[in-house]
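As written, the chain order gives the labels A, B, C and D, with residue 1 at the start of each chain.
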Amino acid sequence: MNERDLLLEKYSSRVFKNRKSHITQLEMSDEQDTITANTRAIPGIATARGCCYAGCKGVVVGPMKDAVTITHGPIGCAFYSWGTRRNKAKTEEGGKNFIPYSFCTDMRPTDIVFGGEKKLEEGIDEIMAIFNPKCIFICSTCPIGLIGDDVQAVAREVEKKYGIKAIGFSCEGYKGVSQSSGHHIANNGLMKQVIGTGDKKPMGKYSLNILGEYNIGGDGWEEERILKKIGYEIVSVFTGDGSYETMKNAHLADLNLVMCHRSINYVAQMMKTKYGIDWLKVNFIGIGATCKTLRMIAEYFQDTELIAKTEEVIAQELEAISDDMEYYRSMLKGKTAGIFTGGSRSHHYQSLLRDLGIETIIAGYEFAHRDDYEGRDIISEIKPDADSKNIEEIAVSRDEELYKERYSGEKLEELKEKGIEIDTYDGMFPDMKKGYMVVDDYNMFETDELIQTMKPDIFFSGIKDKYSIQKQGVVSRQLHSYDYSGPYAGFNGAVIFGRDVTMSIYTKAWVLTTPPWKTAALLGGRIGGEN
Amino acid sequence: MNERDLLLEKYSSRVFKNRKSHITQLEMSDEQDTITANTRAIPGIATARGCCYAGCKGVVVGPMKDAVTITHGPIGCAFYSWGTRRNKAKTEEGGKNFIPYSFCTDMRPTDIVFGGEKKLEEGIDEIMAIFNPKCIFICSTCPIGLIGDDVQAVAREVEKKYGIKAIGFSCEGYKGVSQSSGHHIANNGLMKQVIGTGDKKPMGKYSLNILGEYNIGGDGWEEERILKKIGYEIVSVFTGDGSYETMKNAHLADLNLVMCHRSINYVAQMMKTKYGIDWLKVNFIGIGATCKTLRMIAEYFQDTELIAKTEEVIAQELEAISDDMEYYRSMLKGKTAGIFTGGSRSHHYQSLLRDLGIETIIAGYEFAHRDDYEGRDIISEIKPDADSKNIEEIAVSRDEELYKERYSGEKLEELKEKGIEIDTYDGMFPDMKKGYMVVDDYNMFETDELIQTMKPDIFFSGIKDKYSIQKQGVVSRQLHSYDYSGPYAGFNGAVIFGRDVTMSIYTKAWVLTTPPWKTAALLGGRIGGEN
Amino acid sequence: MLELTPKEIMENRHITINPCKTCEPVGAMFCALGVENCMPHSHGSQGCCSYHRTVLSRHFKEPAMATSSSFTEGASVFGGRSNLTTAVKNIFDIYDPDIIAIHTTCLSETIGDDVGNYIMDLEVSDDKTVLYASTPSYEGSHIQGFSNMMIGIMKYMTQKAAVKSNRAAIFPGWVNPGDDRELKRIAGVMGVDYIYFPDHEGILETPMTGKYKYFPKGAGTSAADIKALGTAKKLIAMGHITSSEPAEFLDKQYKVPFSLIPMPIGVKLTDKYVMALREISHQEVPQTLEDERGRLVDLMLDSHTYTYNKTAAIYGDPDIVYSFTSLCIEMGMIPKYVITGTPKEEFTRQVSALLKEHGIDTGKCVIKADTDLFYLHQLIKNEPVDILIGSSYGKQIAKAENIPIIRMGFPVLDRYGNTIQPTVGYAGAIRYVEKITCALMDKVDAEAKDEDFDVVM
Amino acid sequence: MLELTPKEIMENRHITINPCKTCEPVGAMFCALGVENCMPHSHGSQGCCSYHRTVLSRHFKEPAMATSSSFTEGASVFGGRSNLTTAVKNIFDIYDPDIIAIHTTCLSETIGDDVGNYIMDLEVSDDKTVLYASTPSYEGSHIQGFSNMMIGIMKYMTQKAAVKSNRAAIFPGWVNPGDDRELKRIAGVMGVDYIYFPDHEGILETPMTGKYKYFPKGAGTSAADIKALGTAKKLIAMGHITSSEPAEFLDKQYKVPFSLIPMPIGVKLTDKYVMALREISHQEVPQTLEDERGRLVDLMLDSHTYTYNKTAAIYGDPDIVYSFTSLCIEMGMIPKYVITGTPKEEFTRQVSALLKEHGIDTGKCVIKADTDLFYLHQLIKNEPVDILIGSSYGKQIAKAENIPIIRMGFPVLDRYGNTIQPTVGYAGAIRYVEKITCALMDKVDAEAKDEDFDVVM
């Protein structure tokens, strides 16, 4: 029996039926490995998933620093999403930065009974009086839609009254099956109401947006550092250290880089459709991945000078970190890892771990879709279900004024032939090996079981799993918050990651777990006392 | 039986015989109250006294910031006298400040056996190489004289070798009966080798030295603040925040103010003899005392403008503090205090306490002489004993070149008639009342007993007594270190003192002393358990 | 940091900015974790459960086990019965607790899910219990949720008995596991035999052993003890806001008389706890405990010069804020701003009474319930304080205004080791007097000019 | 602060600058204070006694009772016999202890006072004891003085007995009263019946009661216990430098076998203590103690990211520095500078061995005995560290170099509350892991740019 079967056999038939298609031990045979994803979590199973609000407010719109994001609902959701995600944001010179703040309508029973729109409006008047922001986002929590509050209508009124941008998001927690629905709702809103509304053209020769980079631990800054060193201009980042002011002009960039495929691939696709901007799925996690990413970008622009500069920067950067990386590799080579994260990281970090000599033998996503595992080719095969149908799909069409293609379709095909992965993504499976375990919508029980059977040396997950893994004697690091370290992206980030993993694996306290009296028998004498 | 008799009757006859003349309950009758002082402490009695080294290094020369003071002996004394006395010192612009450092020859058995001079010399060479000070003091601890080390000779060699000032002090701990001998030895050295060696004349119209001000908690700075505001120039302070550089020129000042009579009155007297400088016993502790002091100084100079300026400053200062003082007085009026300190403070603070409405009903000195209690008039009556004879008395004579009298003898008498207390000091007794207790060379037992019989509301003493007093439920504050507060001198100091005393008397924890179960009986039921 | 916060205070603000409370369900989850072999279950969207487990794990640095009904749009429209039924089956199958303690959420409350009815219809084996408490997120705060779950558990599990037992009951209120240990230790030395509910000792502080168990063995209030609560001869309930409703429930249902006392923090409030225990056991206070107390008082006296008249902003949950206010007063400090986000006006009355009892001019203090940290920050911008005492979220204010912060209460997300040591009792106060004094003295040292820098203090 | 200290290090310096030790007599005084109804007496100038009482009071914030022979010039020339005779009479008259424990000073040693002879000639009633120890200030350090007084007391009071008792003996070494309580508690839960010597519990930490006693009742090692030390079946002696000579004395004189173990600070060293106790009682370690240990290990793992590879300068007395070095290593820290002023080369060897045992490159560390804080500061100026761990005198360096300082050992003159709480045992380590981690995290917070400032850590 392989590890998958061992795990599944512990389930009752009811659970077994559901979970079996979410757990794949890769065969890598002629028949392609498949997985079920983006379906409902089983009630009571201790899924790691969060909700739609967490995806919309927590992930996508929360990081936009010059916007006031109001949580419309009872206090809890505003509290939990306050300062907890490490989406770092620098205050711009003379600019306003609302990241350290939490705004909430803090609804009470009367608001639930009689509706909360008035309280929301009063709150916005107060926010305007106190802070005078240029942009306000309203994020709904569970009860809002049910009691009939219309946050979009309120937002429209605000725009009229104050002449600012205001967007209402109906991202009630129960929508969809995971955070993924929240990303979608957020991105739809931004696509419809922000992107394309500015007219500030980039000054540089080549300009980029980074999509799906939330600047956790400063990852985005390390990416920007490298890209700027090569000579690119960054127009906008979605949405780490991002802003309403820059996102308005995102449609004027030359190329979109997609970091987190899961949370934002459709925005890239819509911008391609509407504005003609190509996109590249990139990965700045890992030395190899970063080099590959940088080369692809340079090659995309077909500029020999740019390509040369890219190689120069890569050489410099590699030189600066090679001693450190070699040291950490010497410490970590041959170890195995498991990674359970929300979206793309469970794939991205495999590159970096491999750079350090660590194989990722277990990987799983909280809220991915099948394409994140199997590649975009299978998107057409995915059938919408009741839950996904509840999430609005927006359709965009070419903006005749702003649409601008860099390359003809033919030329694009030619570039793709050369290995530049334009407008595509292969998913996680191809980078893994036979026998490795992939789990969709993982839960606490499966984590525990797989640790026992697969025995990874280190497990990367989130805070909810961290301590139960650690109690089992397995090194556990958070890949959501980086355990308050970072950045892990790019060249410098790889070194920091190497250091952190080495630290946690080699920390002295591990050997203290078993008290000496467990191994040294009492010689002679009676056994008495409390035990 | 009065409280004195109650106390003394608890002693064995042997101890009684000694202590009875050190304990005076003031009669204030026609016959003058007297006391025995500056005699040996009884072995085993838990005296509060320290030693000669503590008086020389700890009190007098230690505070001179631009000098390196080396403790020559085993490590202990250097350790205990390091950073523990709060003689504050500001680093002069471009100057060197050795106050935070402790230097010691750290003698070992071989040094005791074979002599420590060589180690001392090597140490000084090292100090010169590392710090290059302009002045070095060498303070001997107990074994030095006994093993035959000649610190004066070493100092002379150093002066020759390096062209700096170096003074050796034979202040071995056992010399004399208390710190007082150390003050004397220190002051003799400074008188002989420092004062009068400089030639930098004061610039101001009226210039002063402050003698016996060690700047504990910044007292000296508050005094300087007030005096400078009036227009005086301060030439030198002995020795709080003092320096070799300024003390050299002390003989060029117009008037000596004597703050701590005990530790330095003979220096004032010698400077009168040698340089013709008059001295005033002053007291900056207390509002009334400070005003009186300032007025006397101004009147001494017989300058109407100065007198007017003095009154102006006094008025300003009083105005600034009157609300605070009134408040603290309202909190403290009617309380009684005891004060046991080393020297003059047990007198000085009675003024300040009286300003606050507190009567000092117990007062005592560790190391005073009879004149500190009874006034200078009785100095001639004091007979030298074996211990005091061991301390060098130096004789000075008029320096014909530098001697300069401001006033003729007649004129001085005239000024004295007017109430300017030139070259004199009345001691502590006259400021106290009938029935109050005065104790010389107090000890732990007497402190405890007097607290029980006299029941003061607050007791001022040092750290050795502080906690035993406090455990008895009596507020206890340190008047050596000011409990790490201060300054207490001058106008601002009076407010700080008022605040501190109020704080300690009214601190909430006092009422928590007795647990409620001590007063609330157990109703019904059994009494069981551990008790 | 927080430089957009203006000094001018807007009266009667409707928008909450930087909250000083969170929602009921997390309190219910925390409470249920203090019961042996019990799985807390969140009946609502799975995000709630995820958020609550996260904040508990971040505070305790421990796994916080719980499950969710994982509502989707369908459940929100048609009701959560089916989700709950499935969840209960799955939980028993996979995690095998003895008890499932369900709490509701704003979602299930808004749609009117009748959880009481749902669980009555469940088939549950005799040795298993499924119970629930209503914890609508839009009411009260996490503190109310904790109380509600206590009542919920008692409602379902506590049984009537003909005779009273010789045991007392103790409700500690919302405390850390280190506090549970200390409260039980004190009860033990006072000779009281007790049922302690809820009990997180050994649960949200499991030792590192190399093994992980969903439900730590022998830890948490046992089902038998909960069952027997109604037979208790006397109840000591701690924390007026947290424990009064559970205490009243037990009194009303089972005629268990109770002493409602503040959280025993500092000298006087710990005295109250000891006196309440003494009244039960009729045993004199042992010398060892009296000595602990004496050492604490001694420490307060020794260090009073560094704390006297120092102003503090104390914020957080109402009961712990009340008790820390008392501790600060004992240390001679002035509790200048005393703030909770929990909307209970009793808090304001109680704290005011405490201040008045100690002769502190309440006119110079601001005591406010149902408010937020934005307001506290504005107060501080108008008149600063010497120290902040409260949860981790105050650190933003601490940084902005350069004020030392002492972390206490819930949640402390950014420091390690506090939850396994006591805050309550004489021992807890010794720890906090040390912490507070040390923080104030560190500031003295940091700001001292070289010439004012003292080695002895 | 200390800006005159140059970076360049002078090798083989003779002058001691900013010492990291003090003299023998204070150690003797401290030791004698740990005996019931015992008056420590300083045979020398009265300044010694005054200084020692002062530093003890400043460290413990407690009265430190002691008397002096009050030498004057005469005594220094003719010998101190008469002073001592008078002193002994006066002490019994006024303070009425059962025991007078005399220690010598550099003065009485230099003049060659034969105290042993003097006291043999004293008339002392049968229920009183006068004993002495030689503690020349120019040898060793205060640590040696402590050991010498232990031996002195045993020499005079311990008696031979025909049969061994069933009790063990415990020598805690130089620890605080809070440590005494913890060490005895652990011995108690391990089922060991013991004589504990010396014992400062309840002495240099007397509770505030409104009454002051020269000799707190029932506190300190009793005369009967000291007398019976020779009958102990086994001795656990803690601190290699402090306790080895007293342990060897007891073994040599009375054939009491001993385990010499390091001061039990941190996990492994406390394990050694527990194992030594287990060997005596043959009792298994109770779950409660194992759980304490497990919580400590858990805490270390939880917080390791803030301590790993952080460099520490650890300075002070040799045994506690050794044991804190072990604790720091367990926390993943690098003990970069490990310094004592006490002139014992064993220290260097032991610490080096400890570092090597843990695979730490001693080439990157400086381990030095018989040195001073001036040297430590110079080392730091050349290569800084992340944290200072030691006595209050390090605060000057801390301020000069902007490095956080954790106070431990002797003397701590400028903080309150530490001496009544444990440093030893699992509980002590939990306290110190919290303190060290917190100090390092405070620095992270203080230096964080606004955008890097984390609420969750």
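Methods note: a contact is a pair of C-beta atoms (placed from the backbone, for glycine too) under 8 Å apart; a residue touches a chain by one contact, two chains touch by 3 or more.
Keep in mind it's a predicted model, so treat the numbers as computed, not measured.
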Of B-C and B-D, pair with higher C-beta contact tally: B-D
Chain of greatest Cα-centre distance to chain D: A
Rounded Å distance, chain B centre to chain D centre (Cα mean): 34
Between chain A and chain B, centroid-to-centroid distance (C-alpha), Å: 70
Centre-of-Cα separation between chain C and chain B, whole angstrom: 54
Euclidean distance of C-alpha centroids - chain C vs chain D, Å: 39
Overlap residues in chain D, where contacts from two or more other chains coincide: 1, 58, 61, 206, 208-209, 290, 293, 297-298, 301-302, 393, 396, 413, 450, 453-457
Residues of chain A whose C-beta touches two or more other chains: 82-84, 91, 100, 467, 470-471, 509, 513
Of all residues in chain D, those that touch chain C in their complex: 1, 58, 61, 202, 205-209, 290-295, 297-299, 301-303, 306, 392-393, 395-396, 399, 413-418, 420-421, 430-431, 433-434, 437-438, 441, 445, 450, 453-457
Chain D residues within the chain A interface of the complex: 189-191, 267-268, 271, 274-275, 278-279, 281-288, 290, 293, 297-298, 300-302, 304-305, 308-309, 329-332, 358, 450-457
Complex contacts: residues of chain A adjacent to chain C: 11-12, 14-15, 40-54, 70, 73-84, 91, 96-98, 100-109, 111-112, 119, 122-124, 126-127, 129-131, 141-143, 146-147, 172-179, 386-387, 390, 444-445, 448, 462-473, 509, 513-514
Chain D residues touching chain B - in the complex, by the definition given at the top: 1-4, 6, 10, 13-19, 21-23, 25-26, 41, 44-48, 50-55, 57-58, 61-76, 83-84, 86-91, 93-95, 105-107, 110-111, 136-139, 141, 206, 208-212, 341, 343, 374, 393, 396, 413
Contacting residues of chain A [partner chain D, same complex]: 82-84, 86, 88-91, 100, 218, 241, 467, 470-471, 481, 483-485, 500, 503-504, 507-510, 512-513, 515-517, 520, 522-531
